[in-house]
Structure formats: C-alpha cells, structure tokens
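Each of the two complexes below includes chain A, the first together with chain B, the second together with chain C.
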Partner chain A sequence: MTTETLLELEHVTKAFKRRGTSEQVLAVDQVSLTVRAGESVALVGESGSGKSTLARIALGLELPDAGSVVLTGHELSTLRGKQLRSVRRRMQPIFQDAGASFNPRRSVRAAMFQGLRHLGSDDERQARAVDLLDRVGLRPGESFLHRLPHELSGGQRQRLAIARAIASDPVLIVADEPLSGADVSVRGQVMNLLVDLQKERGIAYLMITHDISLARSFADRVAVMHHGSVVEQGSTDDVLSEPKDDYTRLLVRAVPELNGPMPSRAYLT
Partner chain B sequence: MLWRRPGRRLLNNLSGRVSAVYILVLVIVALVGPLVISKDPSQISRSVLKPPSPSAWFGTDQLGRDQLARLVDGARVSLLVGVVAAGMAVIVGVLVGAFAGFFGGWLDIALMRVSEFFQVMPTLIVAVAIVALIGPGLFNIILVIAMLSWPQTARVTRGEVLRVKQLEYIDVARCQGRPEWRILLREVIPNAIPAVMPLIALCVAEAILQEASISFLGLGSPDTISWGLLLHDGQQNLLRAWWMSVIPGVATFITVLAFNLLGDSVSAALNPRLRLIGRVRRRVKI
Partner chain C sequence: MSAPILSINDLQVTYHASDRQVFALQGATLKAGASETIGVVGESGSGKSTIARAALGLLPSGVAEITGGSIAINGRDVTGLRRRDWQPLRGKPIAMVFQDPLSFLNPVMRVDRQIGEAIRRHAPQRSTKDRVVDLLELVQLPASVARSYPHELSGGMRQRVLMAVALACEPSLLIADEPTTALDVTTQAEIVKLLRDIQRTLGVSVLLISHNLAVVAELCDQMYVMYAGRVVESGPADEILSHPGHPYTYGLMTAARSLRDADGRYATIAGDVPSLAERFVGCPFAARCPVAMEHCTQLAPPPTSVAGQANHVAACWHLVEGKGRDDHRDIAGAGARHEGVQA
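On to the complex of A and B.
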C-alpha cells in the first residue's frame, strides 16, 4: 500500500500581483511533489518561501496558474460540484491558528457533525463524535460537546481541530504549521497524537513547517522550499544530514543546538 | 448563546436602557392605546382648534378632532412604516451585500454599481417623485423608503463578508465538501450579521423620519393618520394652534432619537474590545 500515490503536484506555478502595480511575484514556481499513502512529508522553508501557498493549492483552496494537482487519481481542476466536494473530503487541513479555524457561533458538537455527515443518523454522529474527542484526549467527550470553541484552551482547540480532521476519514492531512501556535508542553502531546493516528489509520501527512528539528523527528521525506521553488527533496536523513543544496545547508546549520558550537551569524536570504 | 452577553450589556448602558424602555412603551401605546382612548381619531366636533385642556389633553385640530387620539393612532402607522421599511431594506441589503462580497468578480461590480446608483439619489426628492407617480398608499411609501435605504446595509454587509470569508473556518468548511451557497448561508452570513445589527435601529429611525417628511409634504394618504400627516395639518395652522405642530413634532423627534441611541448602544454592546472586557470580568466572577 505504501507505494500508492495519494497526492501528486506537477510543475505547479502560482503568481500574485503585487498590490498597486502590475508586477508579478512568483509565490510558487514549477514545484513538483508527491505524497504516498501512509508517509509523512515535511515541506520546510522560511516565511514567505511559498510553502503555505503550496499547501492551499494542494488543498484545492487556490487554483494554480499552471501545473496540475492530482489527488487519489483525480485531477482537481477538472472536477466540479459534487464530485470535487467528495474528492476533497479525502484530504483535510489542520491550520496553525486553531482559534480561527472554528466558527465562533458553532458548538463543538456542530463542528464535529460537519465532518461526520457521511454517517446515517444524529445518534451515530453523536457516538462517533464522542469517540473521536476521547481519542484526541478531550475526555470525557460528552462534556465538550456543548462548549463553544472560545471556551477551550489553545491546546484543546488544536486537539479538536485534529478530531474534526480525522472525522471524515481522510487519507491525507495537510497541516500548515500545526504546532507553532502551541506552547512546548502541548507540542509534544500533539506531535505524539499525530504520529499515533498515523500508525492507527495509515493517514499520510503533508506537514508545512519552518522547524527543521520537527521535520527531522517526524517526516519520512523532506522537501526544502526557497523563493517559491523546491531546491532539494529526498529522504529526511539524506537531505538533513548531507544537504546538497547551499540553501539547505544554511537552513540546517541555523538550527540552534545544545552543546553544539554557536552558529555563526548566517543570514538566510 | 453569543447574544446573551451583548444583550445584557445593552441594558447596562443608560442610553441603551432608556431608549429600549421608551420604544417598548411606544409599541405598547401603539398596540393598545386606540382601545383605551375612547375618542375616535376621525370624529369631527364643533370645538375646533382648542388648546390642551383636561377634556382634550393635546387639544383639537381644525376639524375639532382629538389630537391625543390622532397622535396615538399615528404612532401605529409611523412604527409600522419604520419597522417594515427598515426590515425590507435590511433583508435586501444583507442579501445583496453578502452575494457581492462572497462571490466577488463581475457580480460584485454590478451589484455595487446598482447600490451606488440608489445611494447617490437625493432621497427626499426621489421619494416625492415616485410617490407622486405611483400614488400615495401606505404600502407604496414603505416600498419607496425601503428602496432608497438598502444600499447602506449592503455596503456594511459586503465589507464584513469580505473579512469573514478569508477566515480559516471557511476554508475548513470548503475542505469538508460543503457547497458554496451553504457556506455563505451557514458560515459567512451569521458571522457578518453582528456588524449589521446597529444599522437596523438606525434604519428604523431613518424610515420614520422619511415617512414623516413625505406625509408632511402632503404626499401621504389623507385617510391614513400618521405623525407626518399631523405635522402637515399643524403647519397649516401654525400661528393659530401651536400644539398641533409641537406635540407630533416632539413625538417624532424623541422617537427618532430613541432609535438612534438604541443603534449606538447596540454597536457599543457588540464592540469586540468591550466583549473582551466582559469575558475577563466573567472569569473573575467564577
């Protein structure tokens, strides 16, 4: 199963117009990337390198100017209406700011039910929602159902976001900086939860992050983005231990290490 | 659930409380007043242009009709016009603004040009022209007022929709395979409505004033007693019977003021910064 390709981006290009001018800025330039079933791919790069734009294109939230996005054998740009919506449900996002990713007027129950529409009855949905909440560590699940998102802590909201994402049984989760909003103790727990869920359900991850050490501990493969293009990709060990590209080397060297030598001032440009 | 706290804060605010109470009293007077007051507002009598006295508290008009009975009866029409016209304007405005903001592109451009067209028209002149054209019925007046006041709501709604539609929970709903129109209806509009709430009361105030202006100019139906009609009659007897102008004038003024203050208080109660303070306070209490 691990060889099955879930998501395939081919020569994806996206340009934005700079405000007030006719100047075009290439946010994503000819990027090709694949995610196979059950694996975790980390997309690393500094802020503004185009990794979040690429994530939005992969999720089908933004259309590429050129290139193709193929999810489980379906090219997203050729799908319309119902078909597009059902293909999309196989891929779920987790965003950085869990606070903004919930409708403030909807209870936890309503948020969970949205992802559980494929189930037959409200009773089934309720039971599944409680199971999922328990699974992500919001215990007891019943006690959370009637709360509003802003009544939860940041860590609880991120767990809820994960529960909602796995509710529609996705094969792929695209996580855009899922941990950078959380404090250190929460990060470890959320990280472990994501890894456990992968083992249980065989979910593949496309993780967008600027955190090299996170990518090192989490990902099977790494792609490094710089100025809109992927400068290097391969297995995590290869890329991060023996980086071939100058930029990757700079990025890896910039990670502060305990006991290691102080990094020389390296400006990442 | 989210409404309870702003509601309470609205009543904690003095001008909010006073205006809400006044409007409530006015509505009760308009509903049950004509049943309590024994005099018929259209009954002509021989005691013409009598100043306020114990037998006729607010005096009588040029045909000897009781001004108190007419004022109470007119409150019904003024409130009805205000609420119905504002309601229609807000519904149209929210829908137009939401569609324009959410779908963008040529639809946005087209809808906003139409709303600007209605916005730049000199309200009173156009209202007078249209009423003169289609006739002075009550429903026609409501229609004209609604037609001229929806653009404001449309603009505010559009702005708010533009803000809400780029929030992440909208993206999440898309990824969950919700159709666009459902996202607009269930996720975007409910979260854009709070910005429109203060406008509703302001719209009512505006509509009451406009109805009064149209009737004052003599373009209202002469059979429908409204405050505008009372002012119209009063103006013709201004030097002989001050009470005919002053009393309905003051009533209109206070009512319009009350709706304006209510609108301001609603917007203060929904202010996100105040909401934060409310939340902190609540935590301290627990």
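On to the complex of A and C.
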C-alpha cells in the first residue's frame, strides 16, 4: 500500500531583500520535502535557518520565488479564490506563541467561529465549538466561550490554538514551535493531545522546532535546516542517532540533556 | 566560617496591582557561598526572577513589598534598605546579567565605553583600556569587538558583552537570569561553557536562574527547585537529580526529558501552573500532585532531609511521615492517569 502524499515541496526557493540594500538573502534554498498522510515530520533548525519561512510557504502564506508546493494533489500557485480556500482548509497552522495569534479583544467563541464558518448557523457553530473545546481539555467548553485570550494560561491558549486548527477537519497541521508558550510541566499535556488527535483523526504533522529532544520523541522523519538548505533528512533514528552531516552532529551534541537513568522511585529512598 | 555572600531567608514578597495582589514569594530560602555554582530552577510564576531582583534591591518600588523574611549580603541585613543605599552593593559584591542583553546595553555607545563605564565606577583611578581588552578576552571575544555597537553583534556576543560589563565590577557573585533562553542551542551551549570557565578562572560564584533543568544540571553544583513562590527542594544537584525528594521535582525531571512511555504518551504533570493570587496554606503543589494526601492542602510541609542527606532537603509530607512507602507507585504513571486531557 502506498501512503498518500499530502504535501510536496519541490526545489522551493525564497529570497528576501535585506532592508535598505539591494542585497538578496536566500532564506530558503532549493528545499524539497514531503509529508505523507498520518505521519509526523519535524523540521529542525536554529533561528535564521529558514524553517519558519519554509513553513509559511507550505501554508501558502508566502509564495516561493521558484519551485512548487503541491497540497493534496493541487499545485497551490495555480489555484485562486474559492478553490484555493477549500484546498487550504485541509491544512491548518498552529503558530508559535499562541498568545499572539489571537485577537486580544475577541473572545474564545469568536476565535473558534473563525474556523467554523463552513457550518450553517451560529447554533451549530456554538455546539461544535463547545465540543472542540471539550475535546482539547478546555472543560467545560461553555465556560471558556466568553473568556478573552489573556485570561487563559499559556498551556490553555495552546489548546485553544489546537481546537481552532482541528475545527475544519484538516488532514495536515503545520505547527511552528507549538510548545514555545507552554511551561515544562504542561508540555506533555499538549504533546499527548497532538498524539491523540493523530490517532483519532489520522492527522499528519509538519512540526517546526528547535527542540531536538522533542523532534526525536515525536517525529517519524526529520529534516535539518541550516542557512536555508536542508542539510540532512531521513528517518528520525538515522538522522538524530547517526547524523552524517557536520552541522546536524553539532546541533545534536549541543542539546543539554539530563543524563543517567530516571530514578525509578520518586523519593523516600 | 565567614558569612555567605548572599543569604535569603524565608523571604515573602507581594506585588500590589490596582485590582489584585500577587504573592510572588511565599517563603523562599537560598544561600550563595564563595566559589559556588548554584542553579535556581522553576517555571513561569515560580518566583525565580523575583528572588534575583530582591537580591539586588531591584524590586519595583511602590509595587513590590517585602512582607516577611530577610536578605543578607556578606552577613549584613539589607532587607529594608532604601533605594540609594543599594547603589554601592550593586555590581560588587553582586552583579547580574539578564535574559535580553539588548535592553541593557546602550544602543548608541560602543562596547568599550560601556565596559569602561563599569570599570570606572568601581575603580575610578585605573586606566580602562587594557582592562577592557582583558575583560573581552575573559568572555572569549576578539579585541575588535570593543569598537562595535551592540546592533552589530549576534545575540550570543551581546550576552558575552553584558557578562564583561558585569565582571568589570569584580563581583564575588554573578547572577545570571535566563542568560541562554533567547539563544539558539549551539550558542546556549557556548554560553554555559563560558559561565563555567569564568567561574573556574575567577573563582566567582555563579547563580544561574533557568527554566531549563538540563542547563542547570550541566553547570551547577547546588540546586534550588522553586514552585509557586517557594523553594520546594534544595541540595547538591547530583543528589537531587538521582534522588528527587519532591514529587514536583520528579515530575519536572520526567517532563523535561520529552520521553514517551510504552503507550506513546509523554510524561507530564496534570493541571496547570498555579496563579499566585492566593497564599497557599498547605503545599502549593498539592492540587497537581499524584500522591497528595488529605492534609497536604491544609498544612505546609516543613523542609525535611532526603535520603539521609542533611544538605538535601525537600518540603513534602511524605518525607516527614516516611510511611505509606508501598502506596507510591511510579509517579509518572500516576501523573498520566490523572492527566485531564483524554477524551
């Protein structure tokens, strides 16, 4: 059985003009990357590596200078209007810093309704919004509808971002540093939610992260970006356990990790 | 034995906002002696930055109030010190570097002048030029950086310049508040290494404040774990990491590893980081604790020694009572069970 390819980036290139000069900076240089149905791909790199630009291109928020972006069989650059919107609905973003991706003056209800425009009536939207909030652990959903984003904790805002993303039944979620706003002790809750949604709905993930440990535990495949290029990609084990590229090796080694086995008993030793 | 450089005892700090109060520190105790590396670990709202600010007299006046406990520097009580009396204590004996160097460096002043100012403040008679070069070398920057403006430097280089400014004051204790958080992992590793080098070369004490347990584990000998305005566990870092005494410390250790269990689930702590709008009567972690007992929310547990080590203490009733050992199954397992996310 061949698995369906959801997203296919081919030789994508994007240059930006450096401010105040005519100098071009290659943010993304000839990058090819695929995401198949139901799998998790991590795009790993440091700031300035071009990983977030690539994510924006994948989402159709930015047009590449060269190369193609094919989503569920449709080349994005050939689509317009209604057709583009209906194809793009299948792919939803979760942005870095969930706090900043919500309008601070609009309620949770308003934020959820954005993703539920396809439903017929406000009553339907409301019922569905409550279901989705419940599903992501903002319970009871009703009690969250009239809150404002700043009244939620970092972890709760992250859940809200996830609820909004799954509202339109996407086949692919592009998550840019999805844990950046969440405290360490609640990170696992957010990750378990993403894992559960994948199991339930077969959602595929393209996760953009600087966190190697997270990529290692989450992704089936990893692509490492450096200075706009993918320097190495492959199965997570191959890339992160036996990196072939010098930069990947440097990156893997730089990650501070807690060494030694986890103590089996918490305390009272 | 001489007095520690910094000694904070059962400190309580409350912030007064127009419509509410935040009980930022609810009893935090911490000591920094000579030539030590000390790490303070905590999540947002744990009070770790408030403790650093209190140690330098930098609590916002009119907003923050010290409602209990004490701060002593080199044995001298400075708890109620007025703003201007703090001035001679800043930089030396205690200097601080912050998370975001750009907001503490003057954007229109070259690096050499900024370091020079700090040198002159503490030793007005000395020629600064050679000393600037020495300090740049100490933070492993080329001498050419002296003529640069902050915006011409990378994030990691700015952090090094800020360290040079702090070290110009010849502190005996350097407090670093999340110095690597805004940096990439490769740069972060370099800064941690630099802190270690500086500590060894100069014999200065380093107090590192971080949310990143692994960074603290890598650098520090002594460790303090903060939760909801309190120090819940303290002791030698390797002791804490091999025998965590507080369920929160254990939970944080598992969560920080980003590991998945046999069912593919990530270890986590149920619930959310608490708001500090209330004063906790009992253990602040009780509401999220997988092994909480009935009285945990009603009575604050006293600091109790862990694994028979006098210098390793944690505040947990389980340690006090030392009973019910066999009831405590793996906390990670219990944590996953309690997690409020599943459908």
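General remarks:
Quick note on the criterion: the second predicted complex is superposed on the first by the 257 of 269 C-alpha atoms of A that agree within 3 Å, B and C clash if a C-alpha of one lies under 4 Å from a C-alpha of the other, contacts with A are read in each partner's own complex, and residues count from 1 in each chain.
Basically, a residue touches a chain if its C-beta (ideal position, glycine included) is under 8 Å from a C-beta of that chain, and two chains touch if they have at least 3 such contacts.
Model, not experiment: these values are computed from the prediction.
In the superposition on chain A, A:14 contacts neither chain B nor chain C.
Of the two partners chain B and chain C, more chain A residues are in touch with C.
With both structures placed on the common chain, the touch criterion links A:135 to chain C but leaves chain B unconnected. By the touch criterion defined above, A:85 reaches chain B but does not reach chain C. Contacts of A:221 after superposition on the shared chain: neither chain B nor chain C is touched. In the superposition on chain A, A:100 makes contact with chain B only, while chain C stays out of contact range. Once chain A of one complex is fitted onto chain A of the other, the partner contacts of A:51 are absent, as it touches neither chain B nor chain C.
In the superposed model, A:114 lies in contact with chain B only, and not with chain C.
Of the two partner chains, neither chain B nor chain C is touched by A:157.
Once chain A of one complex is fitted onto chain A of the other, the partner contacts of A:184 are limited to chain C, with no touch recorded for chain B.
Contacts of chain A with chain B, set against its contacts with chain C after fitting on chain A, share not one residue.
Note for the complex: chain A touches chain C at residues 46-47, 135-137, 139, 153-156, 183-189, 191-193, 195-196, 200, 210-214, 216-217, 250-251, 253-260, 262-269. For chain C in complex with chain A, the residues that touch the partner chain are 43-44, 184-186, 188-189, 192, 211-215, 217-218, 241-248, 250-260, 264-270, 272-273, 288, 291, 306-307, 314, 316, 318-319, 322, 325, 328, 330-331, 339-343. Chain contact summary for the complex, chain A toward chain B: residues 56, 59-61, 81, 85-86, 88-89, 91-93, 95, 97, 100-105, 114-115, 117, 148, 164, 168. If you check the complex, the residues on chain B that touch chain A are 1-2, 167-169, 171-179, 187, 190-191.
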